[in-house]
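Common to both upcoming complexes is chain A, partnered first by chain B, then by chain C.
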Partner chain A sequence: MNVLAVVAFAVALVPLAAIAWYVVTKGIGVINVDFFTQDPPGDLSAAGGGIRNAIVGTLEMTGFAALIAVPVGLLIAVFDVEVGGRPAVVIRFVIDVLAALPSIVVGIFVYSLVVVAQGHFSGLAGSIALAIIMLPPVVVATEEMLRLLPRSIAEGARALGLSRWRSFLSIFLPTAFSGIFTGVLLAVSRAIGETAPLLFTSLGNNFFSLDMSEPMQGLPLLIYRNALNSAFPAAEARAFGAALTLVAMVLLFNLAGRWMVARSRPSGSR
Partner chain B sequence: MTAQDSPRGSLPDAPASEGSTLLRRRGLTGDRVFRTATGAAAVLALALIGLMAYDSISSTGPVFDRFGIWGFVTGTRWSPSFTIYGALPFIYGTLLTGLISVVLAVPIAIGIALLVTEFLPRRVAGPVAIVVDLLAAVPSVVWGLWGLLVLVPVLRPFEQAAAGSIGRVLPFLGPPTPGPSYFAAGLIVAIMIIPIVAAVTREVFAATPRLQREAILALGGTRWDVIRQVVIPIGRTGLFAAIILGLGRAIGETIAVTLVIGNSPKIAGSIFAPGFTLASVIANEFNEATEELHPEALIALGVVLLAIAVLINGGGVLVRRRFEQGVRLGR
Partner chain C sequence: MDVTTVAADAGATISGSPGLEPALGGKQAGGVLRVENLSAFYDRRRAVREVTLDFRPNLITAIIGPSGSGKSTLLRCMNRMHEVVPRGRVEGLVEYRGIDIYDPRVDPAAVRRSIGMVFQQPNPFPTKSIAENVVAAARFNGLVKGRGPERELVERCLVQAALWDEVKDKLDDSGTSLSGGQQQRLCIARALALAPDVLLMDEPCSALDPVATSQVEQLMTDLRASYTIVIVTHNMQQASRISDRTAFLNMGEDRAGYLVEEGPTPEIFTQPRLQLTEDYISGRFG
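== the complex of A and B ==
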């Protein structure tokens, strides 16, 4: 019987190994300094150029999204833990619903409010969509970390005469910081790979742009559009090179998050 | 782990009512401000998202006026150039690919969960879990790229063989087999949901009461007896919840599906035929939707997808709560 279980694991490993192999071997051939310092050609079927605008766009939009999602997420989590009761149950339910939303529906929501109101696509709209996607993981991670704090810390703070808000700001949040930071890293690693929310919010851009009020290119978007044109070898190669870059970025944040978790659990159980 | 199922935490409860003697006497208005401020932030943020939902749903008015809700949901024709819109081919595609992905992923996920909780020593189980989670770290668009350029061509001879043999008897395994298909999409999505289903199933199996486990072993049972008699029956509800969770993720998958499903807005009998899902048609057509009512119809499809997702995930949460109640009552 354990043979079947091992077989199941092996079956799951095959696609992982295959995709790792393909992305690395097909992507590495395209990667050079130009790939990171130049923008893609207007015509995707033409060879050459790079993915600079996509990398910068992804970093800028995800960074901005984190800037929105982390404070809001912290506030929501603190409210849930501190006030609790019916309001907290309702809010946690809404957060759970948000977490289960298909990411393309998030894109539609942001389109209906932000893009229509602005009259055009923009990196800002893309950031807002990514922020909505990042919000549930941040809230859940923060809440969990705050709930894991030992009672003695809270009681000690109360005994010293600290008010609740001082306790949160000076003691609870800093103590829970590494766990919260881990949650943020994992949320970021997820948001970096999202394509669907960007399709009709930031739209994409062939040129280099730092301007959030303009359409902005993102790495997943670039991969998607080149994949659609992958009949052309140049587009296929560019797609794999960009995919390799994207996977490297996601792994970076993912592993950083895991490393921080492992660091805070010296016994290494689980 | 959802936000709902952490037990009420270890931070001592704040005084329940705002007018409590403690606050009033010590004059801790700072705390009242703190609670109102965080509450206001939470409400504002969620209200903003609610506003977005409202804007989206209300923009679909013209579409539902023209076809009626029932007419739109059961309509089988999708022809933007004739301003005819029906959601059924996409609902069919979404449910079919969801079903295929669950059928393919769940046995694998159960096998992995059993491997980790029953068969492997602790030290190896950790790295195995990490490897499975690496599957989850690969972005959807990269799976789609690989699926389109590698998996689909590799699958094609097998699909043709199946269509030529069993396909003659079972039409849903029959021709056509152009490559991109419901099956290819279901397979890619299966790969993508294995980690989450395996992770939840692992939690479920790990929650099996030790007493029951050891009782079977004391009676001379093998590991397999423990699994068959204790782990799986007790974990039945949780397992069901894990499957629903996977299904919920599966129907929301967009980009990987768009790249391998073949983009055909017709209901096809064979799983090897090209098709569309609710999510993938929106991704595919939205940016070029210039015909009359086309964008609104696509948003309406999004609303349908939202409804299905809420139904499935809501059902899953209810099932999961029941499972956790069972664990707490010490079944």
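== the complex of A and C ==
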């Protein structure tokens, strides 16, 4: 059994380590201050420049997507768990279907719904597409956490004269918070690396822009475009540098989230 | 705490619903809490059949009986916690100081503030500190405001629950960092913070070790002077040790619990009126 466990561990670890090693060795070369503070050159084959616009665009679009997906996802999960019944079953089914949807389909859907209506590509459309990607994992994680908690905790609150919703909001939800937060982190981590939904929504560009109503660059898009031009050494290096940045961002993001969760609880709690 | 102020407090909270004040006027000669012809249902299944009982102030009443005899369900009917269960339903009368607590004008939350409850499994709020566990519900219910009064309330309730000396240096630690027995006393302190005058305890010691059990039993004996206590227990020794009166419930042929007999604890345990009680007390069934 022990041998099997070690083997399984190795099998799981090897691809992870290999990818990390590959991305770091290939990407570290271009990393310097300019890489984070400058925008890419108009001609991808030219050396120099940075990926500032893509970092900012990714943060802005993913952040806005989370602003949409997290409250909606929480509400759906709360409805499913607290109200239940047939509508909840239907909603849960829809969410499961949504989770299984290829992300490029989400991109096309938002393209036909938002981009066509707006008449042009925009960061907003990209955010909406990412929000749709984030929604299922947020709902699933929240539902699981809420179902996992002992009812006795909510019951104790009710017995202290708290209304159903007060006990849910003030006692039950905070108890589930760390689990829900972890679910949200996973959802964001997944959405932040999505390329397909952004291709026909935010499109990307080569200059710095904070305007969500205009096309917006994102890290995955930048990686995609530069990798397409990897015959040029500068583009290939830029793609790997951006990939390393993306991985590091997700990692930092998760670490920061976990630290925040750990800090928010009174000492000695489990 | 003196009983009249508690009663006045209870009146103030319940009388938020109009038209109930007159009934509050005199303290009834009989019990603080009375159930009459009480039946409880889960969906269509009857779990308690037509129980009539009077709970007297400043006494501990034990409810004993085999599994399935509806002890916990009966208890939960007395502070409207039964209806928290999906499809839980109650028929009959529960009267608290002359108020029908199932009157549509009565706010169930107000009932639960006056009639506190302690559960079988200690259930402190896991994300809240020891102090917050005590004070949170009182604050939500608007019974206490400001840091100073809150600190005082925390200390007073923890002292009353015989937990202060053990936790006074770590009030900001999590409630779940305590041992099981301490957690249960924390839950008692939490209930006391709302200044109830009835405490319902649903097998409060069944998850505790013998030392913690004796601490909680001692605490109940101390609290008897200021509260009306009803305890559901599986443990007959416990009932005979701490209670003044004992009600024996049994499961009927329709699988619903019914009251067999009720009386002073020494009588029930030494010379019960009914053979069935005698058989249960002496361990012949249950």
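Here, the second predicted complex is superposed on the first by the 234 of 270 C-alpha atoms of A that agree within 3 Å, B and C clash if a C-alpha of one lies under 4 Å from a C-alpha of the other, contacts with A are read in each partner's own complex, and residues count from 1 in each chain.
In this section, a residue touches a chain if its C-beta (ideal position, glycine included) is under 8 Å from a C-beta of that chain, and two chains touch if they have at least 3 such contacts.
Just so we're clear, the structure is a prediction, and the values are computed from it rather than from any experiment.
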item: Contacts of A:I171 with chain B and chain C, given as first, second, both or neither; value: second
item: First (chain B), second (chain C), both or neither touched by A:V116; value: first
item: First, second, both or neither for A:V261, with chain B first and chain C second; value: neither
item: Touching partner for A:V24 - first (chain B), second (chain C), both, neither; value: neither
item: Which of chain B and chain C A:L162 touches, first, second, both or neither; value: second
item: Partner chain(s) touched by A:P150 [first = chain B, second = chain C, both, neither]; value: both
item: Which superposed partner A:L252 touches (first chain B, second chain C, both, neither); value: neither
item: Dominant toucher of chain A (residue count), chain B or chain C; value: B
item: Touched partner set for A:L59, first chain B, second chain C, both or neither; value: neither
item: Intersection of the chain A residues that touch chain B with those that touch chain C; value: 150, 155, 158, 163, 166, 268-270
item: Chain A - residues contacting chain B, complex; value: 1-2, 4-9, 11-13, 15-16, 18-19, 22-23, 72, 75-76, 78-85, 87, 89, 91-105, 108-114, 116, 132, 135-136, 139-140, 143-144, 146-151, 154-155, 158, 163-166, 168, 172, 189, 192-196, 199-200, 203, 220, 223-224, 227-228, 230, 236, 239-240, 243, 246-247, 250-251, 254, 258, 268-270
item: In the complex with chain A, residue positions of chain B that touch it; value: 1-4, 6-14, 16, 28, 30-31, 33-35, 37-39, 41-42, 45-46, 48-49, 51-53, 55-56, 59, 107-112, 114-115, 118-119, 122, 126, 128-132, 134-135, 137-146, 148-150, 191, 194, 198, 223-224, 227, 248, 251-255, 259, 279, 282-283, 286-287, 299, 302, 305-306, 309-310, 313, 317
item: Of chain C, residues touching chain A in the complex; value: 79, 81, 84, 109-110, 112-113, 116-117, 119, 121, 123-129, 132, 136-137, 140-141, 172-177, 187, 190-191, 194
item: Footprint of chain C on chain A - complex, ascending; value: 150, 152-153, 155-163, 166, 170-171, 174-175, 177, 265-270
